[in-house]
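Shown next, in C-alpha cells, is the structure this report addresses.
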Amino acid sequence: MAALDPIKKAIRSPRGAGSAAVLVLVVACALFAPLLAPYAYDIQNLPGANTEPGWTHWMGTDEFGRDLFSRIVYGARTSLTVAISAISISVAAGLTLGAMAGYFGGPFDRAVTAVVDLTWSFPEILIALILIAIIGPGLQSTMVAISIAYLAQFTRLTRAQIMALKNETYVEATANLGAGHFHIIFRHLLPNALTPVIVAGMLATGDAIILEATLGFFGLGAQPPTPSWGAMMSSGTAQIFIAPWIIIFPGLAIALTVIAINLFGDALIEALDIRNRLRSS
Amino acid sequence: MDSAVSAPEHDLVTITGLTREFSSGGGLMTPRRTMRAVNDVSLDVPRGKVTGVVGESGCGKSTLARLVLRLLDATAGTVAFDGIDLATLSPGEMRKLRRRMQMVFQDPYSAIDPRYTIRRALLEPFQVQGVAQTAAEANATVDELISMVGLSPRMLASFPHQLSGGQKQRVGIARALALRPSFLVLDEPTASLDVSIQAQIIDLLEALKQELGLTYLFISHDLSLVRYFCDRVVVMYLGRAMEILPGATVQPRHHYAHALLDSNFEPDPTRRKVITMLAGEIPSPFATIPGCAFAARCPAASDLCRRERPALTDLGGGHMIACHHPKD
Amino acid sequence: MALLSVKNISVTIGKLNLLDGVAFDIGAGEILGLVGESGSGKSLTAMCVMGLLPRIGGTITEGSIIFDGREMIGLPDAELRRLRGKRIALISQNPMTSLDPIIRIGAQIDQVSTLHLGLSAEAAKARSLDLIAQLRIPEPEAIHGAYPHQLSGGMKQRIVIAMALAADPDLIVADEPTTALDVTIQAQIIQIIVELVRDRQLALMLITHDMGVVAQACDRVVVLYAGRVAETNSVEAIFAEPRHPYTRELIRCIPRLGQAPGSLKGIPGAVPSVVDYPTGCRFNSRCGAAEDLCRNTVPALERKTSGLAACHFSEA
Amino acid sequence: MISFFIKRLLLLIPVFLAVSVVIFMIVHLVPGDPIDNLVQINSTPEQKAALAAKYGLDKPLYQQYAIWLGKALSGDLGDAIILRRPVVDLIALNLPHSLALGALALAFSTLVGIGAGALAAIYKDSFIDRTTMTVILLGSTVPGFWLGLLLIMLFAVQLGWFPVSGARSWDALVLPVLTVGLGGVALVARVTRVAMMETARKDFVMMLHAKGVPPWQIELRHVLRHALLPVVTILSLRIGWILGGAVTVEFVFARPGLGSLLITSLNQRDYPVVQGSLLMLAIAVMLGTLLGDVVQAAMDPRVRERIK
Amino acid sequence: MRFTTKSLILSGSMFAAALAFGPDAAVWAQDATFVMPSDDVGAPSYDPIRGTKLNAATSLIYDRMVIQDADQSFHGQLATEWESSDDGLAWTFKLRPGVTFHDGEPFNAATIVWWVPQFEGTENAFMTAAIESVEVVDDLTVKFVMKNPDPNLLSNMASIFMGIPSPKAYDAMGADYGVTAAVGSGPFTLQSFTIGQETVLASNEAYAWASDLSENQGPPHIKTLTLREISETSTAFLELRTGGVDMLLSVPTDFLPQLEAEKSITVGTLPGTGIFYIPINTTVAPFTDIKVREAAALAVNQKEILDNLFGGIGSEANNFLISSLLAADVDPKLNISYNPDRSNMLLEEAGWTMGADGVREKDGTKLQVALWTQNGTEFKRVTEVVQAQLKAVGIGADITVFDSATINDQYRKGNEHQLAVRSYSWANADIIDWFFAGSRLGYPNVSMWNDPKAEELNKIAMTGSRTWEERVANFKAYHEYVLGQFVFAPIYQPVQSYAYSTDNITLPKTIRGTRIQSQTIVDITVN
C-alpha cells in the first residue's frame, strides 16, 4: 500500500523505530489492558497502601493499595481514548472549517481567521478550563474541551494548506474541465491537505495527553476510580516523600508516550517531506 | 470532428474590448490599488488556425487565456465562442461548453493531482462532465488518449512524479483532449521544458491540430517560437495588444515587437549582434500611464506618445499596430 | 597555460553519480560556454569550480581542478574562501533570491571588498558606488542604500554582477545568469556581462541552456549531456560542424525564422534520469545513429579534427 | 511607520470589540448564578433582586454589555463579587507577577531556545543536533506541574538553592521561570532550527559562501538573523500563552498571577474578575501581536515596505 | 456562673513579668513565617462582621470578648468576667480596662454598643440574633438584653467572627474595611494583605491584655509574622521541610507520617472540631427508603478509613457531633457503626437483590448512585474508599469531583445529588441545625431533610433552651432523632494537626485553646 510507505520509511530510521516500538507498546496497553494488567485497577487493599515497587507489585501500590502498574496500563486507555477522540473531533472540525474558509475566502474566511487567531494565542489549558467550567466536569466534557482548545490549530493549518493548494495548476485544470466546488474540495484539495493535518493531529495528540493530565491534576477529567495518568499524579503529590513512585511512574508514562509521539511524528514528517507544509500556518 | 467541417473563414472565438481588473489591498492598512491585467483587447481567433499571443511577464497574456475560457470573469468586454457570448451562460451551460474548449497549462509538474494515477487523471474529465462509461469503455478511452499523445499505455498506472516533464505535458494535452474539444488554449505549454522536449511537444501539437482539426490560442514569451508555430501573432505589452501580425513572415513594425525580436540571439555565431539597450524595465502594472504603455522605454518615443495612447490601426492585410511612430 | 583546468572530475551526491569525467580548460580572458539541458550537470560543475560542492552534500570522487596552477581539491576551507569571491566569483541563476533580503544592497557589495581587499568602510563604499555606476545603474548612491526588494530583477542581477566584480576576480562563473529574467532584460544582461568581461580581460564560464546565448557570447563551448562532456570545441566549429549527434540535434531543436511549418522535430525520448543511465553512450537511446557499440561501450572524449567529442561515430 | 501603528491600533478596535463580546458572553454561558453564591441562604426574592440590581444583573444582556464595556474603557472593571474589591486592583496585584514570570520565562525560552536551535541547525543531523533536540524535547513533553514538582524536589528540597514556593523574593522566580521556560525552549528551538536550516538552503546563503564569507559570519550575521523572524512571530503570538499558561505552575509554586486569578474567580463564579482578567489577557495578546509587528518591522525592511 | 473566670490579678502579674524581661525579649525579636490552613486560602477580607470566610490571622488582629479552651471552658479576653440572669434574658459583661485599638481608639462599653447592632442584616446575624439590645452599665460594663434565652451566647462570643474592630476605622472605611486595612486590638497589627498570597503582621507593642491562656502577657515575641496562603498542601509541606516557613497551622492527616519522619519537625495535635460524613439526599430514590439509607450508612467502615487513610490518628465518627460536645453523647444504640451484615440484610429487605456484577438491582434498576466530592486530597481519598465500601454491599457509586465553589451550586439544584462526602468544622451542637434544618434545603441541608418532628426538635433546641444544660439536652434529643433517620453517614473525626520546625521556633509546653490562635502564638518564640 502506497499510503503505508511513509510509515515504513519512518520506521526504518533508528528514532522512528524506537518511538514506533514505544507507541505500539502504549497502544497495546490501552487495547489489551485487561490481559496485561496483573490486577484489577480498582481493587483496594488499604493495609497494603504505598507499597514500594517489588516483585508482587512491579511499580508498587498507590495510597489505596491498588497495583500501580495495572493502573498505569488502564490509564493508557483513558489517556489515549481522551486524547485521540478529542483530537479526532478537532481535526475533523478543523478540516471542515479550514477548508471552507480557505477555499471560499471572503468575509467568512476573515471571521474564522480572526476567531481562530485569537483563540490560538490563548493557552489551551485556559481554554479547556473555561470550557469545563461552562459544560461541567467529566470525561466527555474534558474531551470536548480539549477538542475545542485545539480546533484553532487545525483550522489554521487546513486553511493554509487549502490556500496553497488552490493555486496549484491541477485545481484550475479541474475547474476548467467543468468541475464544481464540491468536486474540487473533496476530490483534490482535502485529500492533498490531509497528510500534514493528520501528522499535526498526531503531534497534537501528545499535547492533548499532557493537557488531559493537567486537567486531571486540577481534579477534572476522569472520575475515580477510573485511572488516568494525570489524576494519578495529582493524588500522588500528597505522597511525594513516602511513596514517590505514585507520581514518578505516571509522569514517566506520559513523558515516554509524548516523546515517542513527537519522535515518530518527526520521523514521519521527514519521511513525508512535509516540514514546510506544516510550518506554512 | 464537428469543428473540422466548419467554414475556415468563420472565427471560432471573437474577443471584443476584453478588460480585466485586479485589485489588491483596500484594507485599512493599504490603499486599494487596481491594475488592468488585460486592457481593452479585441481579437479574433480563426477556426483551424494557431493564433499566438506573445509578451513578457505581466503583459496579461495568461489572464487573457483565462478570460477566454471564462476561468475568470471579465470586467468589461465579451468573449464569444462559436457565436455564444460566454458571459450569458449559466454555470450548467458553461460546464457543458467546457467540453468544447480546453486548456494546456504552463507547468506540467503541477497540472496533475499528485495523488492521481495517470489513468484516473485521464478519466476525470468524463467523471466531472457526468459522462457514464463502462469499465471497458473507460479502458478503451484512456488507451486511445494516451496513445494519441505518443505515450505507452503502460504509463497509465504511474503517478505523475514518476514521469518526466515532457511526459507530464503530454498527459496534460491528452487530458485536455479527452472531451474532444475544438478549441485549445495553450498557455506557454513548453516554457518549463528543455528545448529538445519543447520541439517534441510543438511537433505533437502540430500533428494533433492537423489530425483533429483543432483551433489553438498559443501563448508564449518566445517570439521565435511563436513566429514558427503561429499563423497570426498578437504582441502584448502591459495588458494591451501592441501589434497584430497577420502572418509569421510579416516584419513587425512596433518598437516593442522589435525589442523582443532584438533580444533573441540567433544560434549562429556568425550573426552576433549588438542589441539596443531599452531604458528601464517593465513598469508596475499598477502604474497608470496616460499615453503609450511602452513610451518610457521606447527609443522613438515622442511627447505625443507619452501624452496620447495610439489606437490599434490596420496597416493593411490585417497587420494592426498601436504606435504613433511605427518603425519602417 | 589555462587559468582553470578541470580534469576528469567525477562527482557523487549520496549514491548518485552525477558527473562522470568532466574535463575542460578555461584560458585567461576566455569565455567558455557550458551548455546542456536540465540534469546534464552544468550547475554541479559550477559548484565544483567554486569549491562549494560540499555545501550541497557532494563529493568529487576523482579528477582534479587546477586554478592558476594550484590544485583546488583538498584545499583547506580557509584557503578556498580566499579564492572564492576574490579570484573566482559567482553570478548566480536567480537574482531575485541571491541577495540577502534584509541587508542593504550597498553593504552586500561592500562586504566583498572589505573582506578580500581589506578596504575600509568608506573605501569599500566608494568602490561599490563606482561599480554600480559602471553597470549603468542610475543613482548609485540611492541604490547603495536600498534594500533588494526595492529593485527589479534586472537591477538585482546587475548588483550581483557588481558583487562578483568587487574584488577584481580572474574568473567569473555565471550560472544561467538570465533564466529568471524577462526576455528583453535577458539579452541586456548577457550583453553587459560579456562587455565587462571582455573589457577587463577576465575569464568567464557561462553556463546556459540557450544555444542562442552561446552563439552570441562564447569563445569556446563545452556541451554536457547526462553528466558527461559530449563535445567541446570553438563556438564557430560547434555550430558549423557539430561532432556529437546530441549537439547537432540540440541546435536543430531551435526554431528559426522562416522555418517551414512541421519541420521542427524534437529529440525523441527524454534525458535519462540519473538513477537509470543507460550503459555505453548515455545518448544512445535517443540517437538515430546508435549501434550496439554505443549501447555497450562508453565513448571516450577524444580529439577530433577540431575539438573533442565523445562519440564512436563522430568523425564520420 | 508611526501612522502604520496608529492604523494597526485602529484595526485592533473591531477585534477588541468582538473579543469583548465573546468574553462577556462566556461568563453568561457558565452555569451557576453568582447571586446565589452571594445571598444568604434564606434571603427573600426581593433581597436577591436588590443584589442583582446592585451588580446590574437585572438588565437585558446588551445593556449589561454596554455598561460593562463603557466602564471598562474608562478603566473601571467593576467590583469583584466574592473578593469584594475593584477588579482593577486585583489585576494590578496579579499582573506584575504574571509579567515578571512571563517576561523572564520568555527571555529564558528565547535565549536558550535560539542558542540550542542554532547549535542544532549548524551541526544538523549530527550527534550534537540529535542530543540537543532530544534533551529539549524532554522539557516540553512532561506536564508542567510534574516538572515543577521535580524541580522543587531537586533544587529546593535536596539542594536547598531556591525557595519551594511563593513570590516573596527574586530567587523564588527561578524555578517557576525554569518550569514555564523549558516548555517554550522546545518551541523556540524547533522554530529556530528549522528556520535556520531553511534559510541555509536559500540562494543568498550559497551566494555568501561564494563570496568567501567565513561560515560563522554567515550563520550568525545572516542565517540566524533570518531565523529570528519566525521566532519573533511565534513568540508574539504566544504572549497570552505565556501570561495565562503559567496557571499550573502558579498553582504548584503558590504564586499569584493572572492565570490563577482567572481560574480561582471562575471557580467562584466571580464574574467581574473573570471578565476583567480575560479582557486583560486579550489586550496582552493584541499588544503582543502589535509588538511582534514592531520588532518584525525593525528587523525586516520588507515588512517596513509593506506597511508604508 | 460556672464559666465565670477572674483573671485580672493573674494577668497583671504576668504583665509585670513581661516588662521585666522586656529588654531580653527585644533581643530575641525575630521574624517568622507560618502557613495558614489550606481551607483558609482565598479568604477575601479581615472584616469579621460582614465576612463569611475568615482566615487564621483574624484572631491575631482582633481580640474577642471571650475565647474557648480545648476543654470547652471559656476564658476572658476583652471581657474579664460575665454572668447571666437566671431566666437567661440578660447577660452582663465586665470589660477589660486599658485596652486600645491599633489606631489608638479606646475600647469600652460604647464600643460594644456600636458593635453588636452592626451584625444586623449580615450573614453573621445569627450570632447576635438573640440579643435584643445592649445597655451601658458603666464605662466598662455592658448588659445584653436578650430576646430569648441563648445559652450558646458565650460560644458565639468566642467565635472568630466576634473579633471586635475599631468602630472609628470600621465606619470610616466602609466597604474597604478588612480589605485594605483592619484595625483591632489584638497582639498583631495588619501590615499588608495580599489576597490568596500572604498577610504580614507586626507585633502590637502596646499589647498587654492577653488572656490567661497565654503565658506571655505582653506583646508577642514574634515581631514580624507572615502568614502565607498555600493551597497545594504538598508545597506547604515542602516549604516547612526546607525551612522556607516555620510552621504549618494545619496539616492534612495524611501528611503526618511524612512529617514525623523529619528530625527537625515536630507535629502536634489538638482535639478535632469537625467530622467527615456523607449527607444522604432523602428526596431522591433509592434514598427515599430509610432502609437503603441505613444500609448505606452501615456500609461505611469507619475503622478501615481511620486506620488506613489517617494512620489511626483521630477517631471514628459514629454520629454527627465531635466527641467533646455533650450532645454527642447519645444513646449508644443510635450510634452508626460499620455493620455489613445488617447493611446487606436491609438491602435485601428493601428488595434490592445482588446482581452478577456485584451491584444490586430491583425491577431492572441498578443500585447505582451518584457520589459527589470536592477537590482536595483527603476528600478524594475518603470518597474512593467509600466507593469501594459501598460496592462491597452491592451499592455502585459514580464519583464526580467538583471544585469546592461549584459543588454548592450543584447541591442547590436539590435533585441531582444522592451521596456526597463532606466535612465540617464547628465546635457547637447547633451545627445540626445548620445542616438539617428544613429552612436550608439544598445547601447547606444537603440531605434535603424536612421533617415535622425534626423541625419541632430543632425549634426547641435552637430557641427553647434557657440554660446550657437544657440546651445540651435539647440538642441531644434533636441529634438522636436525626441519627435514627439515617440522613447522613458519619465517617471520621479528625484531629487538628500542626507542624513546626523546632530549629526555628519554640512553642509553649501546653497548647491552650481550641486551635492554634493568638493565645498560643503570642507565646511562640523564635530561636
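In this document, chain identifiers A, B, C, D and E correspond to the written order of the chains, with residue numbering beginning at 1 in each.
Criterion: a contact is a pair of C-beta atoms (placed from the backbone, for glycine too) under 8 Å apart; a residue touches a chain by one contact, two chains touch by 3 or more.
These numbers were taken from a predicted model, which means no experiment stands behind them.
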**OP:** Just grab the chain with the largest centre-to-centre distance to subunit C, centres being mean Cα coordinates.
**Re:** E
Original post:
Ranked by contacting C-beta pairs, which pair of chains comes out on top?
Top reply: B-C
Subject >> Chain whose average C-alpha position is farthest from subunit B's own >> reply: E
**OP:** With chain centres taken as the means of their Cα atoms, state the distance from subunit C to subunit E in Å.
**Re:** 90
Original post:
Between subunit A and subunit B, what is the separation of their C-alpha centroids in Å?
Top reply: 49
Subject >> Euclidean distance of C-alpha centroids - subunit A vs subunit C, Å >> reply: 51
**OP:** Indicate the residues of subunit C shared as contacts by at least two other chains.
**Re:** none
**OP:** Would you mind listing the residues of subunit D that make contact with two or more other chains?
**Re:** 31, 149, 153, 251, 267
Subject >> Parts of subunit B lying in touch with subunit C, wherever the complex brings them together >> reply: 56-57, 164-167, 194-203, 206, 221-225, 227-229, 248-249, 259-260, 262-275, 277-278, 281-282
**OP:** Spell out the part of subunit C that touches subunit B in their complex, as residue ranges.
**Re:** 37-38, 136, 152-155, 182-188, 190-191, 209-216, 235-236, 239, 249-259, 261-262, 264-268, 270-271, 273
Original post:
In the complex of these two chains, what residues of subunit D are touching subunit A?
Top reply: 15, 18-19, 26, 29-31, 130, 134, 137-138, 141-146, 149-150, 153, 194, 198, 230, 237-241, 244-245, 247-248, 251, 259, 262-263, 266-267, 281-282, 285, 288-289
Subject >> subunit D residues within the subunit C interface of the complex >> reply: 202-204, 206-215, 222, 225-226, 299-302, 305
Original post:
Contact residues on subunit C for subunit D in the complex?
Top reply: 50, 52, 55, 77, 81-86, 89-90, 92-94, 97-104, 111-112, 115-116, 147, 149-150, 160, 163
